[in-house]
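The following block contains the structure, expressed as structure tokens.
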Amino acid sequence: MADNRSKMAGQDENRASIHARRAIAYIVLILVSFLCLFWFYVLFINATRAHSELTKGFTAIPSTHLLENWINLKNGTLPIFNGIINSLFIAIATAALATYFSTMTAYAIHAYDFKFKNFIFTFILMIMMIPTQVTALGFLQLIGKMNLDDSFVPLIVPAVASPSVFFYMKQYMDSTLPLSLVEAARIDGSGEFRTFNQIVIPLMKPAIAVQAIFSFVGSWNNYFTPALVLHTDTKKTLPILIAQLRSADWLKFDMGQVYTMIAFSIFPVIVVYLLLSRYIVGGVTLGGVKG
Amino acid sequence: MKRKLLGIMLSTTMVAGMLSACGSTTTTTTTTSETTTEAAPAEESKAEETKAEEPKAEETTTEAAAPAADEGKVLNIYAWNEEFKSRLTDHYPGYTEVDATTGTIGDVTVKWNITPSTDNAYQNNLDENLLKQADAAADDKIDIFLVEADYALKYVDTDFTAAVSDFGITDADVANQYKYTQDVMTDSKGVLKGVSWQGCPGVLIYNREAAKEVLGSDDPAEVQKAVKDWDTFSATADAMKAAGYNMTASTNDSYRVFSNNVSGKWVQNDKVVIDDNIMKWVELAKKMADEKMTSTNDLWSDDWSKGFYPDGKVFCYFGPAWLVNFCMAADVEGSIANLGGWGATEGPQGFFWGGTWICGATGTDNPTLVGDIMRQLTCNEDIMLDIVAKDSDFVNNKPAMEKAANDDAYAFAVFGGQNPLGMFCKGAENCDLSNQSAYDQGCNEEFQRAMKNYFDGNATLEEALDIFKKAVVEKYPNLTAE
Amino acid sequence: MKKKSKVVSYNKWGYIFLIPFVVVYLIFQMIPLVSTIYNSFFENYRSGLLQIGPNFVGLKNYATIITNGDLPTYFKNTMIMWIMGFVPQIILSLLLGAWFTDPSLRLKCQGFFKTVIYMPNLIMASAFSMLFFTLFANSGPINSLLLNMGVITEAYKFMSHVWSVRTLVAFMNCVMWFGNTTILLMAGMMGIDPSLFEAAQVDGATATQIFYKITLPLLKPILIFVMITSLIGGLQMFDVPQILTNGSGDPTRTSMTLIMYLNKHLFSKNYGLAGALSVYMFVITGILSLIVFKFTNSKDSK
């Protein structure tokens, strides 16, 4: 009885504190959202302003030069539409390869027992620690030798071995993928490869969506490697074209165009992100595996 | 077919490189890696062309009338922006644009290889391709590349750049050019290796309003008295401060004026030497920064360009014609330039800022065409006058510019109707660039960067100099700085 | 006997599934890595168009980096800026993650908030730094705002003070990456069986208790992942300070990170020094990751 009462009191307290906590949560969330969206606002404002206005400093009100900037950009010599297609192709392929094969690798470590399992796990973790820039010089030499210079291959294929995506998948499987499911599939006579594709992959959807976004965005915004590898104008990705626009000569240098180009190149990522994020935000809550 | 062959050739070089002594492995392979870079795009078009043109070239060499008939069919031009491309398109007779990166001159295809200079990408790309120039297929060889003054000697003082005389450019051809534009392109043996169609002499561009208020007159001759040397310049800065004006927008504004007038090279016997004149700049800049007569903002930053407007309260900028014509917001209502509120005077010392030079690469398969492009764009007075008219460049031709200097039609609206070309001409004559070194770009950049720490009070002079030395040796590990 | 052979035949699939990763890794990462290490024993750089080396110099490059004091300085800078950004980042992420997954809070517009928090990461780091540079310029909007509010009497030079530059870098990293961390944590939190929360609520556990007793322990694998990847990301910090300080790491190189330093050597194609620096970085990262691993695993009472 007494026990029951204290529990009731606790719940009353809870209710009061929930209101307070909810209020705090909303305030923090609104602040945070402002902090996140503010930059897009600034970018958009700047994209609508002419170069001369931009040199004058910052204003909070959009100007009227968006269309003009866009037309200048479109009629300029940079192949921006090729750029967007190249960027899209590379980013989608990277995201697909990275998530699929990393899940496969993680599954190999998670579901099977074999001799070098621990060694390979540790080894992959060690790979993760090597910064891209560290091996950049060697990487360039290599793709030169393989005749892959100015090709998309060195930008896409290495994604198959993405240690950090692998690590995430592995950790996710540890907390959500029970081996009993795999056993059950085996008893039902499912082949290993089929089990992976038809049972494991669907269960990993939330993790895959998360890493697909990350890989996509990472590849989309990558300047370092593409700048080393791509040389033909029509093969270049958007970040390189932006850099090219920014180093234009003084006769053509136009910050308005630079900002418009940045806004233009962010747009597709936002679309892709919103598509995938809806899937994450809405779908995951129900997708939790009981374990 | 040809593509495959080249591929095999490349891979053999590669293997050879790998098998040769470990010592040379890296060099060889780096070079090869870049070979493919340029080879790939060039080959594609070549594959198409060769089908049609190769037999013709072999069988009918005598028949063709064009001077380039026995020469390569592809002219490769390396640049960091599109300025030269638009000059060639607009002014070179016979150039036809095909698309953004190709054009034609007669039956020669012009291929533009444009790499932005951001992060040194232009030079990196150029370096790799120059280093494998000897092994490249004729149509892949670099024919023309462009350089800026700050790093010109890096290329000019090597065998990768051919003398302009190799392209038939004689001393008489270039007699009308400003001497400084040739100083920049003269190698350590005294051979001229590049030419430019522009001159970029600078003047002191002053705010007429401030001049009237503080100096009592905005007449160029009167203002010149107040800035005729660095001591009076410094005294005027005091007066400007009292009236609420910054003397210059940034400490870096005057850097170029000092660094263009040094008594020795940045690097002597592989040792970094800081010239007295550079230290004079440090002294002046520190004084001006400490007494808040100027800021330590980077050039081109938003803070720096505040002075383009009356509210920015900046007395003067140092710059060439293009700065005031194109960068000082002349098209924006309310800017000083728009109101015609700037004046020009010679200032304490002559200097130049900017400019693009045309170099012919050693091993080019189109020497006649390269020579003709150089001659037309940099020696042909008619074409050069056309450039003045259409592009507002200050061209590298003394008689043409002197004519313009005495012609009221060339008065600058931004200067309130003053025709400053005479001053620019004088400035161009007075520039002395015999003390350039191949390391200027790195030294100038790192020096200004390091000194900012001193001006901002974050480091002592010694500490700032140490940062500079460290940074230079990082860039050029073969140098010593102690 | 029969059963055992079946297990073995399953386990061979472990190897098969590893093939793509291992093959690609060996080609695209192992070879460059080996050549990087190999190069670290040579004097090999370019000055202008002049190639110097490669000449075998043994451990000289390693000694150079240690003796001129660069490595410890830039390591310290990197860690300071990382910690300044990571601490608020992980706290914010855990808080948001807990709120979003707390069934008792029933926050509205969750979809909107969850979507928005990751968005800063969509902007290229270079564009983001460019914006910050403009906003925090001496005569930029932030300074005019502060001046108008009377907080300061003279424009504050954000780019000329050690701690303001470091704070800006940390702040930018935090804003760019907290959404990423939150999403990772949330995905982990959502993977937790909801019936556990329900059971705890029925037993009268408070939200705080639920968070510490249920969420955190079950989240550990993901937390370790976040910590380690963030640490590695932090050690690789490059574009933000590079662009914000124009590659100088000023004032007086106090915001120069290890990779920015490495980048300086890439300018002269200095395979030797860059290689040695890379090997050092590899070792440092390895040691730090090991510490994080041990630290987080030692709490495990199992």
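We call the chains A, B and C, going by the order they appear; numbering starts again at 1 in every chain.
Going forward, a contact is a pair of C-beta atoms (placed from the backbone, for glycine too) under 8 Å apart; a residue touches a chain by one contact, two chains touch by 3 or more.
In this text the structure is predicted, and so the values were computed from the model without any measurement.
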| item | value |
| --- | --- |
| Chain contact topology (line, ring, star, complete or other) | complete |
| Greatest separation from chain A - chain, by CA centre | B |
| Chain A and chain C, separation of their C-alpha mean positions in angstrom | 14 |
| Computed distance of Cα centres, chain C from chain B, in Å | 39 |
| Chain B residues counted as touching two or more neighbouring chains | 26, 30, 302, 306 |
| Shared-contact residues (touching 2 or more other chains) in chain A | 57, 141, 243 |
| Where chain C touches two or more other chains at once, by residue number | 39, 134, 139-140, 269, 271 |
| Complex contacts: residues of chain B adjacent to chain A | 7, 10-11, 14, 26, 29-30, 32-38, 40-41, 80-83, 86, 100-101, 113-119, 121, 125, 302, 305-306, 308-309, 322, 326-327, 329, 331-332, 335, 354, 391 |
| For the chain B and chain C complex, residues of the former touching the latter | 22-27, 30, 120, 127, 130-131, 154-155, 158, 160, 295-298, 301-303, 306, 438-439, 449, 452-453, 456, 458-459, 463-464, 467, 470-471, 474-479 |
| Contact set on chain A toward chain C in their complex | 7, 10-11, 14, 17-18, 21-22, 25-26, 28-29, 32-33, 35-37, 39-40, 42-43, 57-58, 101-102, 104-105, 107-109, 111-114, 117, 120, 124-139, 141-142, 154, 157-158, 160-161, 164, 166-168, 171-172, 174-176, 186, 192-193, 196, 206-207, 210, 213-214, 217, 221, 223, 239, 242-243, 262, 265-266, 269-270, 273-274, 277-278, 280-282, 284-285, 287-291 |
| Residue numbers on chain C that touch chain A, as the complex places them | 7, 10-18, 20-22, 24-25, 27-29, 31-36, 39, 92, 95-96, 99, 104-107, 110-128, 131, 134-135, 139-141, 175, 179-180, 183-184, 186-188, 190-195, 204, 206-207, 218-219, 221-222, 224-225, 228-229, 232, 235-236, 238-239, 259, 262-263, 266, 269, 271, 274-275, 278, 281-282, 285-286, 289 |
| Residues on chain A engaged by chain B in the complex (per definition of touch) | 52-53, 55-57, 77-79, 140-141, 143-145, 147, 149-151, 227, 231-233, 243-244, 246-252 |
